[in-house]
Every structure is written in structure tokens, then in C-alpha cells.
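Labels for the chains are A, B and C, by order of writing; each one numbers its residues from 1.
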Amino acid sequence: MPALTVAEIADLCGAQVEGHREHLITGADTLENATPKDLSFIANAKAMQAASASHAGCLLVTSAFDQKGTWSLVRVENPRSAFATALAALYRKPKPAASIHPTAIIAPSASIASDCFVGAYVTVGERAKIGASCSIGNGCVIGDDVIVAEGTTLYANVTLYDGVRVGARVILHSGCVLGADGFGFTLIHDRYEKFPQVGAVEIGDDVEIGANSCVDRAALGLTRIGDGTKIDNLVHVGHNCVLGRHVAVAAQTGFSGSVVVGDYAVIGGQAGIGEKVRIEARAIVGGKSGILPSHKIPAGEPVWGIPARPLRQHLKGLAHVAKLTEMRDEIRSLREKVAILEESQRKARPEA
Amino acid sequence: MPALTVAEIADLCGAQVEGHREHLITGADTLENATPKDLSFIANAKAMQAASASHAGCLLVTSAFDQKGTWSLVRVENPRSAFATALAALYRKPKPAASIHPTAIIAPSASIASDCFVGAYVTVGERAKIGASCSIGNGCVIGDDVIVAEGTTLYANVTLYDGVRVGARVILHSGCVLGADGFGFTLIHDRYEKFPQVGAVEIGDDVEIGANSCVDRAALGLTRIGDGTKIDNLVHVGHNCVLGRHVAVAAQTGFSGSVVVGDYAVIGGQAGIGEKVRIEARAIVGGKSGILPSHKIPAGEPVWGIPARPLRQHLKGLAHVAKLTEMRDEIRSLREKVAILEESQRKARPEA
Amino acid sequence: MPALTVAEIADLCGAQVEGHREHLITGADTLENATPKDLSFIANAKAMQAASASHAGCLLVTSAFDQKGTWSLVRVENPRSAFATALAALYRKPKPAASIHPTAIIAPSASIASDCFVGAYVTVGERAKIGASCSIGNGCVIGDDVIVAEGTTLYANVTLYDGVRVGARVILHSGCVLGADGFGFTLIHDRYEKFPQVGAVEIGDDVEIGANSCVDRAALGLTRIGDGTKIDNLVHVGHNCVLGRHVAVAAQTGFSGSVVVGDYAVIGGQAGIGEKVRIEARAIVGGKSGILPSHKIPAGEPVWGIPARPLRQHLKGLAHVAKLTEMRDEIRSLREKVAILEESQRKARPEA
């Protein structure tokens, strides 16, 4: 693992050092757990209070930080982001040496750029093309006619069906399955007839897809994940979905067929998105929400609930439900009062 | 990829051509995207409106279609189903040549029919039997005593535990795990003791199971998936479940232990079915529904919600919840009116 | 498969036989399905009623059982637990012979105890250590610096990323992925920047994790699963979660980042646990519940719902919602009565 001086960390962040420029940092940790050899960071006022107790050797802080301590300081605009940059440098794994493991089985018509790492027991199908600097983990199965652009990483045991296209600098975690058949069946004469799934899957650049997630191929046409989109573990993306650019999808969410998601939308965990739903750009779907088929979530709208409604409306609904005991008590009280009023009025009324 | 003339497509569908019999069709697509070399279809009145703008070379239509255009027509009873038939012919993949990859490791006591395809790095355990015309993708692990009937396809990286039995013409997508232990533990003296899971898994004929889905073995006896049942991605089927014939299960649904599902039931995505639930034939469970343990869903009943209730009742409940603001306003208004009534009555009453 | 006499089964349970000591038992099944060669058990009063119709050769019963039949009896304190013990003996699989398959690729610096079973096409990374009596199924990928303690079983196609540590006597089912990157991204200048995930994963002793479940590595520090914890299929454990000892987690549940779960907590299926939630010891989270980020579930508390509330409160809420039709009817009736009262009062009032 690389070691960096405080000065080198400051250089990485384009910032200045206050303290010991040559102090050696070999790791990074939270404020609480950091040792004098570790880098840490202070992202907010709450963290600032914990700073004095920290044993970190170096802290990334904003200009607002005004405490004194044993740590060296590097002042940056965004400490969390600077910390991410420094982490990447401190924990940089040596890129696996360009090599194709002798047990990898590469179809004669496949092409693999010369500086790729291809692990043990990988198989690569006919006419597949693997771009420069890719890393293909042990046991991955890459089908015929697959295209993987440069700088992409497949961790172990990823499966790409025939014809899947993956962009540049993509990360696919273990157990991902891209290109399985969409779920398309029609009940004909009391049997489900399979609608052939002959479309493709296209993953943009800089996408990351979590472990054991699935992206199905389109029935016709394309299932598409846009550039920069990040998908967590165990997510299901059905056939013909089109996710935009820089969409974030938390774990275990499912998209039925033909869902369209706009750029920068954020989808919480375990959400369920019905067929042909259209989620516009920068909309925010709360965790565990359910969106009914063919509904549209307007741009920028935060929604929540089953079925999903605008956030304020959903929260109001929750508040009302929490008040139901009170409402029932009030109704009972009103009923009694009205009965008394009716009784008095009946008595007050002159005899017919 | 095969190419078909319009006349050949008509023959496949048992129908007649109106237009250019010899026009060559090499693909298929939606009305919007089809080119003159593509087949498309018109399934309903809405699609009919889009027909005139389509560049498709050939359209599958019903007898009701009365437009004129550049396309040739093939008139059929069910255009969607005919399109599926034609798709299967147009995109037919050459069946992989019967072969056992030299890296496949087949136990000496296993038997594999002579016309199977067995991919690279497959392992097949002792006494396993693979029937005629099966295709076993790269990296599949097939345990001891597994039986796979004829015409079944396992895509890459499927795992079948010991003793799993799979019917004929089944499709198992990548990452499927069949036969893992059911979740059976009893807390004894403050530790979970494992209840040994010694039962089996039996998959009927013509079943399809999606990517990364799991079907657990029974504790005792059998977990069974009936003929013709279709299961989407990331579904969990617990120990001792018995799913009937021609059941459809959408993605990410989970069945706890010992659930019984009748024939032709339809289960939406992300539904959660409690232990020992009984879903009768042709019942319909809405997406994201939760069915409480030991409940019964009557035959043909559509249910929805958490906990699931008959659909009409659930929709009524949703409508009521949406009216809660109004209800609270009404209660407030009534409270004020009653207070005024009480006050007037108090004033009207002669002094005691 | 081993066969046991009734006397041997009684010995296993530390109990006495009533009936044929030498009767041979070769299997086990439910009361309904058991044959004279099978063992079965009677756990409760309901089962007791079915006993007389059972053809089981031997029954495990409590001292309260007072029926006569063809079966031999073994009286024990806890029949279910005794049955589990007998099952384990009856269905004991011969441990696979200690061996390393010639196709397993073991890094030169890895160490594997001499009595392990390592299957075909397994890969083991640099400096990895596999303890005594482990069984590593076909196709498993074990990264660099992984540690697996003694007696642990990995079924086929498990993936352990670099640096994952697994305790003793752990069972990992097929498709499990341990150590993939946590989902940590920050939107900087309209692009998601990855927060490097440099922490580790540590699995305690006697843990079982179901098929296709995922446990992500920590961003910094540790994601930890405590001793004796049991996790079902398709579960997601996010980065930096700390699950205590003897926690039970049903299928398809998801834990966001930095969740802390106390010992003996029980989490139902398809629950969704928000970031930084703290579930205290022996709390019980109902199936499909959703716990909002940063919430705390007190020790021993049963909670349910979305968002999760104390069980009684949630059930009361459900009951109220079920009464909403009635409430609306009452409000309408009150409105009419109040209108009548107002009208009479208006009439009764002397002219202004």
C-alpha cells in the first residue's frame, strides 16, 4: 500500500499544509478510529466537535476550522471529496499486470486489447471485443458479440449474455447478470407462450452496477443504462428500460418493463417501479415506494409511498393516519353531544 | 441470422399475403423503429393509428385492419402471438453443436445424452443424468444425483445443488441457485440450531426461472414448481413451497416456507408471501403486496396491499386515506357547529 | 445414507425406547408422509391428533404423549430439536475426502489446511488462508488476503473479494458475494464521484448466509456479522453495517449503510432498514417493514409497518384504516343531524 506525506496529500488536493509537511500517512479512517498514521476529515459542524479527541495524523478541513491539535491540517473546499481523492491514492491497488490467464478460453474471433487483465477460467465468446486496460475477474462468462469498452472492470463471476455492450470505465460487481431474457409471456390457450427477447443491453460509460444485480435484454430494441449511472446490489432492471445519465438506484429496487428514468433521478432502496412508468429528470423516489404502471413522476418531484404520491402529500397522509385514534374519539364525542342536543330539542319542543 | 420472405412468414402463421410475397425480411422491430427489412405488428386500435407512419416491410394485422401503405400485410387472428412465432424463426440461434467442452468435468457415474451441449468449466456430479438436447452454459455447477430432462437450457453460471430434479424444456437463467438449504433454525439455549434440510427440489416441464433467483430445497419432502410456471429475476422460493402449473411470478417476489400456489395464479413483483399461505388457482396478487402467514387467497380473487385484502376493498381503503384531510376538516367544522348549538341552547334555557 | 435402529436414535437423544429397539429407520418425514422405515415427531397438540393415522416407524414425543400405535416411541424433552439431531445423523453426507482438485488454482503464497476439500475451478488468491476441514465448492473465487477459519463450507460459485475474513463453521450458500464495494457516491459538479471503499468484511463463527446474498465491504473500517447470525437468501447488507450475535434475517431484507443490529434481533423478510438505523437487542422487525434512516428500535420491541412503529400501534392503525368507511358514514350522519339541529334552532329563534 502506498504511503504519502502530508505535503503529497495537500498536493493531490491542490491545497496548503498547516503543520508537519513530511509526516507520513499510510492509511485513513474515521475521526474516532484514526491513528497518527491515518488521514481523516471533518465534513460538518458535528464532526468539528469530535476533532479535538481524534488521534489522526492529518485532517482535511475547510477554512472554517479553527481548532488546534496534534494533527497537521490540509484546508480544502470540500473535505469529503478531497478525502475520497486521497483515499484512492492511499489505497490504490496495483493494477493487475496485463495478462491473460492460461486457463481463460478466448474464442478465435474475439479480440482483447493487449493491456487487459483476464483472470482464470474466464470465457470470451465469438466476435467479442474487449477494449484497452480492462480487467476481467476470474470465472466471468462473456458471450458472443459482447463489446466492452476501455478501462472497464468486471469482478469475478459476472455473466454477460450474447450481444451485451458495456461502456468505458464501467464497474460490474460479482454476480451481475446482464442480458438475460426479459419476462415476456402471453397466455395462449392456457399456456404461457414466450415472447422472444431479441433486443440488446447497452451500458453507458462510467456506470457502476452492484453485486447480483440483473439488467434484462430488450424484447425488441434496447435496454439502456446511461452514462454515469450508479446501481446498487440486487437491483432488477427489466426489459426495454431506459435509465438516463447519472441516475442513482439503491439496493433491491426493481424496474418492470419499459420504464424511462430521466437524468439525475434518485431512486431509493426496495422501490418498485411499474411497467411503462416515466420518472422525469431529478425526480426522487423514496425507499420502498411503489409506482403504479404508466404513471409519470414530474421532473424534480420527490415522491414516496405505495402508491407513490408527492412527498408532502404522503407525509400529510402518514400524519393523518397517526391521528386516527384521535379522530375516532372526536367522532364519538360529537355523536354524544349531538344526541344530547337532539334530546334537549325534542324536550323543548311543544307537544304536537 | 435467417432471412424470411413475406410468403414464408405467412406460411409460418398459416395465413395469406397481401402484397409482395418475395420481399425479404431480416429482422423485426416496433412500428416506430422498423425499417423496410423489418417485420412489425399491429395489436390494437392505438397501434393502428401509427401504422401509416411505419416504414416496416411487412405487418401482421387482424382482418379489421383497413389501411393502405408501402408494407405487405399478413392477416392473422392474433398478431402479437404470430409476431412471437415469426420472431422465433427470424432470430433463431443456431443450436450450439452437440459437444462437451474438454474442460467440462463429468463424474464417471454421470450420464449425458449424446446430443447435449456442455460448455467450458462446467462440472457434473456423480450419478447426475442430463437428458437429450440439453444445453449447459459455461461455468454451471451440477451436483450429485441431479436429473435434468430433455431440451432444457441452463445459461452460464447456474448452480444446481445435489439431488435437484429439473423437467423438460426448462430455461434457467444465469445465477439461478436451485436446492440451497431452506432457512430453518430453532433457538435452543440461546443459539440457533439448524434444522437439517434434507428434502429435494423438483422443477416441472416448460418452466422458466430468471437470473439470480433461488429455489430452496425442502426441509423434508419436496419444494415443487409446476409445469409451465414462469418466474422472473431475483425471486426467492422458500423450502417446501408448492407452486402449481402455469403460475406467473414477477421479479423480486419472495415466498416464505410451505406456501401453496394454485394453477394460473399471477403474483406481481416484490410481493411477500408469508409462511403456509395458500393462494388458490387463478388468484392475482398485486405487486408489493404482503400476505400474512397462514392466510388463504380464494380462487380467482385479486388482492392487493400490505396486508393484502380483496382488491376493491384495498382500493376503497386507499380512496379513504386520500380523503383524510377532508374528513379532518369536516370533523373540525362539525365541532364548531356543535359548540355553537350547545352555546345557543345554554342561552335559550331558562335560568335554573 | 446411514440407517439407525430405534435404540441408536434414542441414544443420540439421551432417551429411552418404548417399543422395538432393533427396528431399522432409514429416513425421516412428516407424520403424514412417513413410512414404517421413517422417523417422525410430534411437537404439539395438533400433531398429536394426527399421530394415530401415521405410518411412521418411530416417533419422537414428549412425556405428555399417551396414545398407542404401531410406532415405537422415543420420549424427549424437545421433539423438534431431537428430530433435528436424528436427521443430521440419518442424512449425514459423507464429508468429501480431503483433496484439492487439480484444476483449483492456488496462489503460491496462499495456505490451505491439509484436510480441506477444494473443488474444481476454484481460485484462491495471494496470502489467503483456509483453515482446517473447510469445504470449498466448485467455481468459488477467493480473493487475495482472504481468511477462512476452520470447518467452514462454501457451496459452489461463492465470491469472496480481497481481504474478506470468515469465521469458523460458517456456511455460505451459492452465489453469495462478500466484500463488494459499498454504495458510496457523492455528486460533485454533476457527476457521481466514487467514495473509495477501502474497509473490510468480517463474518463471525457459526454464521450461515443464504444463496445470492451480498455483504458489502466497509467504506472505512469494518462491515461485521456476529457469531451465530443466520441470514436467508437475497439479503443485502450495506457497507459498515454491524450485525450482532445470533441475529436472524429472513429473505430479501436490505440493510443500508452503517446499520447496527443488536444480539438476538429478528428481522422479517423484505424489510428495509435505513441508513444508520440502530436496532437494539432482541427487537423484532416485521416482514416488509421500513425503518427510516437514523431511527432506533428499542431492545425487545416488536415493530411493524412502513414506517415501522411499535407493533400494537401499527395494528391499531390497521384496524382504524379498516374502519374508515364506517367513520365516513358516521361523519355524514352527524353532518345531517347537525344541519337539522341548526335548522330547528333557526326556526325556534324569535325574528330579529
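Observations on the structure shown:
One rule holds in what follows: contacts are C-beta pairs under 8 Å (C-beta built on N, C-alpha and C of every residue); 3 or more make two chains touch, one makes a residue touch a chain.
Just so you know, these numbers come straight off a predicted model, no measurement behind them.
Of all residue numbers used where chain B meets chain C, under half belong to both copies. The two sides are thus made of different residues.
After Cα superposition, the angle needed to carry chain A onto chain C is 120 degrees, rounded to a multiple of 5.
Chain geometry summary: the mean Cα position of chain B and that of chain C are 25 Å apart.
The multi-chain contact residues of chain C, meaning those touching 2 or more other chains, are 121, 139, 157, 175, 212, 234, 252, 270, 306, 321, 327, 331, 334, 338, 341, 345, 348. If you check the complex, the residues on chain B that touch chain C are 105, 121, 123, 139, 141, 143, 157, 159, 161, 175, 177, 180-181, 183, 185-188, 190-196, 198, 212, 214, 216, 220-221, 234, 236, 238, 252, 254, 256, 270, 272, 274, 290, 306-307, 316-317, 320-321, 323, 327, 330-331, 334, 337-338, 341, 344-345, 348. If you check the complex, the residues on chain A that touch chain C are 28-30, 33, 78, 80-81, 84, 87-88, 90-91, 93, 103, 119-121, 137-139, 155-157, 171, 173-175, 206, 208, 210-212, 228, 230, 232-234, 246, 248, 250-252, 264, 269-270, 287-288, 306, 318, 321-322, 324-325, 327-328, 331, 334-335, 338, 341-342, 345, 348-349.
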